[in-house]
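See structure below.
To keep things simple, chains are lettered A, B and C as they appear, and every chain counts its residues starting from 1.
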Amino acid sequence: MAHQAILTFQTRGRGTQDITRAVAEVVAAAGVACGLVQVFVQHTSCSLTITENADPDVRRDLETVMGRLAPDGDPAYRHNDEGPDDMAAHARNVLTDTGITVPIGGGRMLLGTWQGIYLWEHRTAPHRRTVVVTVLG
Amino acid sequence: MAHQAILTFQTRGRGTQDITRAVAEVVAAAGVACGLVQVFVQHTSCSLTITENADPDVRRDLETVMGRLAPDGDPAYRHNDEGPDDMAAHARNVLTDTGITVPIGGGRMLLGTWQGIYLWEHRTAPHRRTVVVTVLG
Amino acid sequence: MAHQAILTFQTRGRGTQDITRAVAEVVAAAGVACGLVQVFVQHTSCSLTITENADPDVRRDLETVMGRLAPDGDPAYRHNDEGPDDMAAHARNVLTDTGITVPIGGGRMLLGTWQGIYLWEHRTAPHRRTVVVTVLG
């Protein structure tokens, strides 16, 4: 039997926010000893990623890398209705993750010591984002 | 209990095709109220992605971005047996998704309003592609 | 009911190693006819990918592509405590997969003929890596 929760997060514009604790609370409430938890963002201009939770410079450098791979305001983009960050946000979403899955063992997520789950806003303006968390065991 | 279907799609060469409806039909037939559906492509030169389903320019711009990240005919490639798009297709596959997972709630996929599931052909020639859809609940 | 195994692998520094057989053994032992297997790496500087298992030049070329997208020793990186490959490894991890999911049918993974599952070390030095394999059916 699956357990599911819909979470909403207010972002502050482009950047990452740690949602590990919010996901862990859904896993704890599900009472599943062994299984999987899937986290899914219902949007195409933000994404999810698992990355280092210790030095915030890692996430800052990830923005630098993404800014080169999918630059804002690229004159080659045709889709720019909502501004120079519009298409860049879709490209960053495709290069990262719309959904991530983490194993559950002993009733908790089996993340490594240095792994955190991040909601990554790719638009420069703040947005309200919906995340679906599903636990199967 | 898992429900599974094997789907085949004929691609028309490089580009995206919306397979959301085909996946939704497998989910509806499974009769699972709450759970997950996983979509998996059995190939290494095409992929899956979830992206905006409204403006087709988004998918066109994604091709532009990918063409820069993994250009055809790069002289640095050693693997080019099947032509200049051969290695570029493998690289595009690795940068996007071989498998995607979508939550199911109320018996249907919990996609956002603007999210579509796309089969992304990375070879320039048309191919017949096999996609495995698995529903767990 | 879920089946889970924790595997460890010794890497030889940057590069890929085929772990398909090790994952297949966990699937066989689980005795699940139809379902999903998820493979998860508990680290942020190595990753998993599914790519071609025939010509090793494909994986060599993937290193070339990654070396351009996330170059070692980029002067723009702030996070470089562990050397020029430190931040590059985190970026390569984010651009590829921390977890991959493969469908199971007839008691075995439904991989395509040319698909292999690879553990991808992004650090230049050898590391001991932990991989969690979870089977649901």
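By our rule, a residue touches a chain if its C-beta (ideal position, glycine included) is under 8 Å from a C-beta of that chain, and two chains touch if they have at least 3 such contacts.
Source: prediction; values computed, not measured.
Student: With over half of the numbers shared counting as same, classify the subunit B/subunit C interface as same or different.
Tutor: Looking at both copies, the contact residues mostly diverge.
Student: Give me the superposition rotation angle from subunit A to subunit C, based on Cα atoms, as a multiple of 5 degrees.
Tutor: For the C-alpha superposition of subunit A onto subunit C, the angle is 120 degrees.
Student: Averaged over CA atoms, how far is the centre of subunit B from the centre of subunit C? Could you give it in whole Å?
Tutor: 20
Student: Give me the residue numbers in subunit B that touch at least two other chains, ranges are fine.
Tutor: 36, 69, 95, 101, 136
Student: Within the complex, which stretch of subunit B touches subunit A?
Tutor: Against subunit A, subunit B makes touches at 34-36, 49-52, 55, 57-58, 60-62, 64-65, 69, 95-96, 100-105, 110-115, 136-137.
Student: Subunit C touches which residues of subunit B in the complex?
Tutor: 1-4, 36, 38, 40-44, 69-70, 76-79, 81, 87, 90-91, 93-95, 98-99, 101, 130, 132, 134, 136
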